[in-house]
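What follows are several structures.
After this come two complexes, each holding subunit A, first together with subunit B and then together with subunit C.
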Partner chain A sequence: MTPQLPRLLRLAAFIAVAVVAAPLLSLLWRIPWSELPRLLSTEVVADALVLSLVTSLIAALLALLIGIPIAFQLSRMTGISASTLRAVATLPMVLPPVVGGAALLFAFGRRGLIGETLDNAAGLVLPYTPAGVVIANAFVATPFVVLTIESGLRALDPRYELAAASLGASPLRATLRVVLPMIRSSIVAGAFLAWARALGEFGATITFAGNVPGRTQTLPLAVFVAMEADRDAALAMSLVLVFVSLIVLVCLRDRWWPAK
Partner chain B sequence: MNDQLNPLLEGRIVVERGAFKLDVDVSVKQAEIVALVGPNGAGKTTLLEAILGWLPLADGSVLLDGRMLEAHGENKTVPTHEREIGMVFQDGLLFPHLNVMGNIEFGIGTSLTNVSELLGLLEIADLVGRYPKELSAGQRQRVALARTLATAPKMVLLDEPLGALDVTGRAIARKLIGNVLRANGAGALVVTHDPADAFALADRILVLENGHVTQYAPPDQIRTRPATKWVAELVGWNFFEGDGNGSLVNLANGVEIATAHSGLDGPVAVTINPTAVALYTEEPAGSPRNSWHCHVESIEFVADVARVSLVGPFDISADVTRAAVADLGIDTGSAVWASLKATEVGIQLLQG
Partner chain C sequence: MSQQSIPSTRSMRILLTAVTVLVSVFLNGCGSGSHSIRVFAASSLTEVVQRLAEEYETRYPNTDVELNIAGSGTLVMQLQEGADADVVILASHSHMNQLRDIGLVLAPKQIAQNSLAVIVSPQLTKDIDSIDDVRRGALQIAICVKSSPCGALAWAYASSVGLNLSSATHESNVKAVLAKVERDEVDVGIVYMSDIRSSREQLGHLANAGADQYSTSYPLAVTADSKKRREAEDFAALFTEPVGQSILTHFGFQLP
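And then the complex of A and B:
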């Protein structure tokens, strides 16, 4: 049997849960349930919904693509070099998203370090485009992939790779056929967290991609705008975001940080 | 067992891990099964991992079938997956996301091993669709062996292949593993902590103590001429170190043992088979040499044999029959005379 918590601590936990839940419940309480279908099908909302879904999904894939190699590299490092690389790779998680968006502008903007080259070489312009939304989303979402997958890799017995090698598998084959399948729950967890983070992205997106309805205005941006103009629409969109986030977290259960 | 055969695996393996240093000369002949035994922490698994190329050599080299796999100071090291050495891990280490057939087929590349024959030999043909978590420890172990042998390695390393099994399972698995390894014809190096496994499976036994080989010999020789105290205890023999003096050996505690040897001089090891130690309740008449007045410290019965541990001038064990214990009427604390013929005293010269 699990030992019982002190009564005071249980009381504190109860109050804390209430404090966290109160805003969400207030949101639910204010939602005009009968109006929902109409509110969610206006052009602005529908555009934002579709744009959000598409860009967040692509961003989650991009975050996997960037995050998995970083996680592998990190899992083989120790000491100060590992801590440094991990800090750099996870910085976007703690950085104010607006700062991240500004940094992206300095890198990928028309006058940016990389942006200028991209523009000159391929005519590719990222800021204030849907592709820019994807970049901004992926930027803030990648740390979730890095941390979950690194933790999964560290929890994996390295002798599985030795076993694969002793069966004649090259390091690439061992990685593809043994390591990746064995950490798939970490990959799934990282992907879902990245997706949820991308779906809710606001600061980096508005800074790097702007807020053009139908083009770069994602659901969170549309909520922000609608708070001024059409509160019911804002509530309806908020409900979608709350619902999706909740589903992701419930589905992940304890897979957020796999047990060491 | 067959000295004409060329060595399959040969090398000197030096690995340094902090304060621990492994320095081992190893050679395994074609189709030979070598058991690797030694106390915990002797470096048995380290040796296997170095042969596999998982740990870099601090010195020495490894050759397999005449091909240089790794030599200290040379850049060209053959990576693990190209060494043609298979390893069966202690816990099987099957890939949990693949079923039995998926595991077995994982390594099959260019080899033409007959998998169905292996499945039959190892009695796992009915399990091919199951996942590792649905198998018993013994079944996992046999699948792991099949998985390794399916790649037709030139050399197989087995780390405690029977460790996870109970006594009955061990006996069956030991026989299976022995049969399969012999049918396979590859060389094998088997780590085990159970002397019964080593004696039943191996052509030769390599004893590793504290990073060094202390004895490398066929089972019979290990059994009858244990080179160190640890090996002697492993096979249940009495082992003493002392100073040789003519036909006598003087132990540090003052005990003098008469032997059938002559011209002894310098440090020697004395090995005594416990079945050669006779027990009497009265001081034996006639031959007064090699008889000592002792007390029974404990008596353990294994099947029909009683292992009597004695304390006295020195500690010595005697194996007598269950009936003899009853006839002598001895029990813990009883006074007995232990007696030994000089011809039963084994002597090995120790390096000074």
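And then the complex of A and C:
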């Protein structure tokens, strides 16, 4: 039986939920429901929607690619070195995204440390291209992969891996055949969180990749522009973003928080 | 066992007091003092309103001018959503009319004019010296968002000279466009003449590109529900005095 919560705490929780829900309900209240199909099918909105879906999915995959090795490494470390590496790897999660965008610009921008070399050597320019959007999205999304997968790995009983090794499996084989399947739900949760974060990315994207309609203007950027130009379109796009984020979080249920 | 995890009444009381104090400081601190006025100004006027705010504060001691500087479109949106301002200066009549039509501002007066300019990044001044070079090359261009006065003008200008803006980046205000050109993050930008004057960089300016045919007017208005009507009028008057006029012309604006 679950112990009862104090009545005061329940009241506080009720008020807190109301405070969180109020802005979202106000948004729903302003949505021009009957105009929705027309608003969501304009060229600007359709372009932004497609671009957002494509770039956020690729960014989520890229985040997995970068995040999984970091998570594995972190799960075997302890003490100050683990805390330091974890802090560096998850910094983009708490950093203002615009600072992340500026950092990316100094690295991969046309005059950036790496960007200038890429431009000279291969004619590769990332800002103002969809690839730049993917980079910005992956940068902010990777920490979610690192944290969820590391917690999954730490919750895993090391005896499974040891048993596999004692039966002659190489570390690579044990990792691929024993560990990865067992942390599958953490990987799925990390991927979905990374995708949702990438879909909502604004600051790093507009700072690093600019705001080119059809190329780098993702849904959040289109909302930002439409807030001044076409309020109803902004509301319609906001609805899409709220809806998708909510679906992701409901589907994940408790999976992204380590189970007891 | 659970003794220490329950916060004592004493520490709860301290916490509550702290919260109460913080909230009351916050609420009082946010209300502007009795001698301050709040001025909403279009980004292109940044340097001008900063100078005139200083002028106002020295002329009327114990006063304070709070500046809110953003693109005209952003300012219109903020005011429509109930933002509190005493003076509003925008970069086009059509933006000001949106506010006048719903009764948010009193009769607007024109204080200045500004014309469009095509600028080139400091690194490219040797390579690009005509609009033909821009039209021909695969250059990265930056313009203001369409909903802003400089964006609307840029599109009108581009269609008149056959300039393709489909891969241009749309920045939220003219100073953002200027900064991108100054840092060589883009090759070409469409800004105002006044922005060239306020820039510290050696920008290229395509003076023969015909962009100066496209100009905009700056209307100033006092808000209808300003509680500092007299102070707001005093600030507005600076723009028509010699001091205001010389600052405007110094930064490349034309007088009406």
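Throughout what follows, the second predicted complex is superposed on the first by the 259 of 260 C-alpha atoms of A that agree within 3 Å, B and C clash if a C-alpha of one lies under 4 Å from a C-alpha of the other, contacts with A are read in each partner's own complex, and residues count from 1 in each chain.
Here is the rule we go by: contacts are C-beta pairs under 8 Å (C-beta built on N, C-alpha and C of every residue); 3 or more make two chains touch, one makes a residue touch a chain.
Just so we're clear, the structure is a prediction, and the values are computed from it rather than from any experiment.
Engineer: Looking at the overlay, does A:Y128 come into contact with subunit B only (first), subunit C only (second), both, or neither?
Structural biologist: second
Engineer: After lining up the shared chain so the two structures overlap, which partner does A:R215 touch, if you call subunit B first and subunit C second: first, second, both or neither?
Structural biologist: In the superposed model, A:R215 contacts subunit C only, not subunit B.
Engineer: After the superposition on A, what does A:S81 contact: first (subunit B), second (subunit C), both or neither?
Structural biologist: neither
Engineer: With both complexes superposed on chain A, which partner does A:S41 reach: first (subunit B), second (subunit C), both or neither?
Structural biologist: Neither partner.
Engineer: Contacts for A:Y160 in the overlay, against subunit B (first) and subunit C (second): which applies, first, second, both or neither?
Structural biologist: first
Engineer: Once the structures are superposed on A, label A:R177 by its partner contacts, choosing first (subunit B), second (subunit C), both or neither.
Structural biologist: first
Engineer: Taking the superposition as given, does A:S185 touch the first partner, subunit B, the second, subunit C, both, or neither?
Structural biologist: Once the two structures are laid over each other on A, A:S185 reaches no partner at all.
Engineer: Touching A:A169, do we find subunit B (first), subunit C (second), both, or neither?
Structural biologist: first
Engineer: A:T117 contacts which: subunit B (first), subunit C (second), both, neither?
Structural biologist: Neither partner.
Engineer: List the residues of subunit A that touch subunit B in one complex and subunit C in the other.
Structural biologist: Of subunit A, no residue contacts subunit B in one complex and subunit C in the other.
Engineer: Would you mind writing out the residues of subunit A in touch with subunit C in their complex?
Structural biologist: 105, 109-111, 127-128, 210-217, 224-225, 227-229
Engineer: Could you please specify the touching residues of subunit C with respect to subunit A in the complex?
Structural biologist: Contact set of subunit C toward subunit A: 71, 73-74, 76-77, 140, 142, 145-148, 166-172, 180, 183-186.
Engineer: Of all residues in subunit B, which touch subunit A in the complex?
Structural biologist: 49, 52, 54, 79-87, 89, 93, 95-97, 106-107, 109, 147-148, 151, 153, 157
Engineer: Which residues of subunit A touch subunit B in their complex?
Structural biologist: For this pair, the touching residues of subunit A are 157, 159-160, 162-171, 174, 177-178, 181-182, 184.
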